[in-house]
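Following: one structure in structure tokens, then a few remarks.
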Amino acid sequence: MKLGFIGLGNMGAPMARNLLKAGHDLVVFDVVQGNVDALVQHGQDRATAAATPAAVLAGGVDAVITMLPAAQHVKSVYLGNDGLLSANVKGVVLIDSSTIDPMSAREVAKVAGDKGALMLDAPVSGGTGGAEAGTLTFMVGGEEPIFNQMKPLLQAMGKNIVYCGGAGNGQVAKVANNMLLGISMIGTAEAMALGVSLGMDPKVLAGIINTSSGRCWSSDTYNPYPGVLENVPSSRGYTGGFGSDLMLKDLGLATEAAKLSKQPVPLGSLAQQIYQTFSMQGHGGLDFSAIIKMFTKK
Amino acid sequence: MKLGFIGLGNMGAPMARNLLKAGHDLVVFDVVQGNVDALVQHGQDRATAAATPAAVLAGGVDAVITMLPAAQHVKSVYLGNDGLLSANVKGVVLIDSSTIDPMSAREVAKVAGDKGALMLDAPVSGGTGGAEAGTLTFMVGGEEPIFNQMKPLLQAMGKNIVYCGGAGNGQVAKVANNMLLGISMIGTAEAMALGVSLGMDPKVLAGIINTSSGRCWSSDTYNPYPGVLENVPSSRGYTGGFGSDLMLKDLGLATEAAKLSKQPVPLGSLAQQIYQTFSMQGHGGLDFSAIIKMFTKK
Amino acid sequence: MKLGFIGLGNMGAPMARNLLKAGHDLVVFDVVQGNVDALVQHGQDRATAAATPAAVLAGGVDAVITMLPAAQHVKSVYLGNDGLLSANVKGVVLIDSSTIDPMSAREVAKVAGDKGALMLDAPVSGGTGGAEAGTLTFMVGGEEPIFNQMKPLLQAMGKNIVYCGGAGNGQVAKVANNMLLGISMIGTAEAMALGVSLGMDPKVLAGIINTSSGRCWSSDTYNPYPGVLENVPSSRGYTGGFGSDLMLKDLGLATEAAKLSKQPVPLGSLAQQIYQTFSMQGHGGLDFSAIIKMFTKK
Amino acid sequence: MKLGFIGLGNMGAPMARNLLKAGHDLVVFDVVQGNVDALVQHGQDRATAAATPAAVLAGGVDAVITMLPAAQHVKSVYLGNDGLLSANVKGVVLIDSSTIDPMSAREVAKVAGDKGALMLDAPVSGGTGGAEAGTLTFMVGGEEPIFNQMKPLLQAMGKNIVYCGGAGNGQVAKVANNMLLGISMIGTAEAMALGVSLGMDPKVLAGIINTSSGRCWSSDTYNPYPGVLENVPSSRGYTGGFGSDLMLKDLGLATEAAKLSKQPVPLGSLAQQIYQTFSMQGHGGLDFSAIIKMFTKK
């Protein structure tokens, strides 16, 4: 297929490379010229640069994937003066893999639909490691036939491709899951720190929790207490992994969506505040399991 | 073995019956005469009544199990005027299966040890259903050789018998696990309610969470959203299961232990307040997954 | 002076009537035709209607006051196709009395300044009662000379006219004050409910707090416990006053501003969640001191 | 009068000296011999030492004042083997000025009453400065005639002597007030830090809050932002004043009382957790207004 790709940052660049590897041709755009140059060079004759988002569509593409930092960039790339939707998008599939709030996703999808485009929101989890390895999870909202048609394309970049329902539901699934993740991680950190302060061995405590009703991904797969699991950020100084400031961003999206939906989320909201405090104290760059530092003496 | 058993309430009575079933003889005590009579009748000639906790030891027993509502009752039964430790307990194994704070457990264990008794704290999880079926989990603190010696005895009442380390650590494991459980349940309730309010199907959302990083026992085994799982309290009007007021009690123990240990537990503490609010609004008798009612419109 | 006035709802209409009373002529606009008709009729020959926000400026006015529900309406009225800033605004003073987030206020002020207008943000407190009586408090951000020049105009509608610093600072002052108000009100409600549940007389308790370090406006001027003060909403079934859903809106603005400013506000954020829960339980229309119902048995 | 005085620490010693100054004779006890020696020397021939709490009563005293760190010490001094209530206390007035939970206060008062003593709970506010200067506030629970009779005695140590109702109500008033104080202080810190981060001058912001509905003792008398007020701890590096760890203790008493009273106190509880975090991060010795450091960058 001939594809457009907009947003060639830490996530977008390896995703685009995986599309090239799968044999697709690309027309790419990024506001940073260096990102464009690197990708075009990598793609040899199969990747070309466009001067604006709208220009990505100029030569005719089957689908466009966008991977952008926040809702304001998505709105600019889709709805701006030289945006995708200023061009003829009739019948083109538009896949936004940015993580943004569901309301903005639906707002863009509505305009795209009105212009005859076929839009999917498809945020991912798995981080830059998953983007490189092509093992991302895609949570996809939009029309199911379009989802089925695009699934093979997404499989060039990811391993789990999950259909979540109508437009925006990919974003809903991601914010709901990640809010619960943030809560569970802090809960695990509190429980581990409390148990150890009361005299328990952290591995023994984790073992009990992991076979009991407190069991969760944060305790059995990504335990925040150093030394409990190997090959997780807590056992290498909280480097790598999923940054605390990214968790903070996702908790911000979740609480914003909750506010618009008139939904109380007291633990989600307090989790956001705890990550905000942690960030203010200078730790936003550490993996999000480092939040246990808020509950342990230095 | 000849055993003492003190505390024949909703949990203690079926546990004692399982000991009889396993062939042990019992000397029992309870402040409610009807509880004693029922058990003695059930035990036929193998269960006899004692007039005080101390009197349980009079005819010579190998071990005494206690199952009481709160720390004040444990202290009274062990340290009171006619309490267990007022009698000769040298070499007797004392197993307290009550759920109490770790500090009180250690205080009693210290006195017991000074008098030559061999004490274990062994709180359980699994509820009255597990007590009836003999499938409780025991989290056990105390000397490891005593634990090994008593393990077969506990297996007459439970399925998982887990060693947690020194005196009080059974209680530590239980409060840490249950605090995390309370947090995870509310977190799952918030995430499910938020996702559904934003337009997702609850089963689809649960399916995504359960294969993602938000996965936890509360989402994959005991989901609070009605209709997601069969045979859980949320699918039968929140009846049966583990009562909200019992979760409130355990969160109270966790935050109390955290206070004494100078440990912050912000999510644990807010979880306690949410269950307290739920109880004040008249729902303390419902299963603890009913907390989702705090996040959904009537 | 000849003035424009846009937004003739529950707050705007009485403010506009006070300007008429003070002798000013008005050109008015509202999306609800009935609101326009009522004001024009009230103003007799001194109030005329304009067909769009931009048209308010057509005949030449010295200043325009806007009073709108939320940031989206402010942006539409100022930045929209027929918005104020689509007309020639050179030298015109634009006063936005809407309560919106400081960032949006600054965004609009920037565009206005670029077009040569002189803009003030001037949110009010005092409610519809204060708007009717002309006793509002105005918290004003913008250039100080413009503030000084407009102060007499604002005094036709309010009693306290406070200068808060540069553009957006009126909004900052309002969200900071109202966040603290929401926190203090819930704190007072918790303290009163706790004291009474422990056996104290509410008037005695309020008397002690009001002469001690817990003293606050919510305890000494607007006490939420029924019967402590006369002539406050708590003593007339929580009718009148400042609605819970308005407090919820202001807490939403405060936490949003905090997020953008990377500032933790844990109590402010929990206060928002408590008002959101209260609203979901059907009480959003009651005065905001009714939040004490969350802490008292029915 | 001839008085007993038990507990000669940082608070008790200056209180006892003020009683001597007012012309009373003292029989004193403390577990630290140095404290006793210092007071006896200070009192010259008008202060004598007793070997146990009970011995304080031996020579006949009209009233005994106790000033102890926590409930466990109060129970030991009143209910222990050589405690006050082991002696003949018929007709003696016992005044406990310790700050403890209301339930413990009532438990001790009950035993005292059963033995014929006349007991008052009379916790204070005002800190060591108020104790030295004789300007403490006493919040007093117990029988009103006894209160009236003892008021002149308390006036030798304090300025405001407030009657709060039956036994334990002095403690209720103190925990309720101080919980609200802790909440208001954090709320003020959040509001000030938020406003300043959004570009406001702290003095201007405080001025607006102090004449608006956010006004509270923490904003107008003890503002936590450095430089807003003179002669408060925030303007001298948070030295002196009321220590963060003392506020943490009072919040612990409040949440404990709330738990026993089945009362939700979500903001009080979160305030406790924030002070606990602050203490764990090494700041427990600073004045409690230093909590603003949790909301400002270093």
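Points worth noting:
Order of writing sets the chain letters: A, B, C and D. Residues in each chain are counted from 1.
Everything below uses one rule, namely that a contact is a pair of C-beta atoms (placed from the backbone, for glycine too) under 8 Å apart; a residue touches a chain by one contact, two chains touch by 3 or more.
From a predicted model like this one, the values you see are computed outputs, not experimental measurements.
Comparing the chain pairs B-D and A-B, the larger number of C-beta pairs in contact belongs to A-B.
At the interface between chain B and chain C, over half of the residue numbers appear on both sides, which makes the contact a same-residue one. Averaged C-alpha coordinates put the centre of chain A at 40 Å from the centre of chain B.
Look at where the CA atoms of chain B average out and do the same for chain C: the two points lie 52 Å apart. Inter-chain spacing, taken between the CA centroids of chain B and chain D, is 37 Å.
For chain B, residues that reach two or more other chains under the stated contact definition are 258, 262-266, 270, 274, 277, 280, 294-295. Contact residues on chain C toward chain B in their complex (touch as defined above): 270, 277, 280-282, 294-295, 297-298.
Across the complex, chain D is touched by residues 252, 255-256, 258-259, 262-266, 269-270, 272-274, 276-277, 279-280 of chain B. The residues of chain B lying in touch with chain A in their complex are 102, 125, 137, 139, 160, 162-166, 168-169, 172-173, 175-181, 183-184, 186-188, 190-195, 197-201, 204-205, 207-209, 211-219, 221-222, 254, 257-258, 261-268, 270-271, 274, 294-295.
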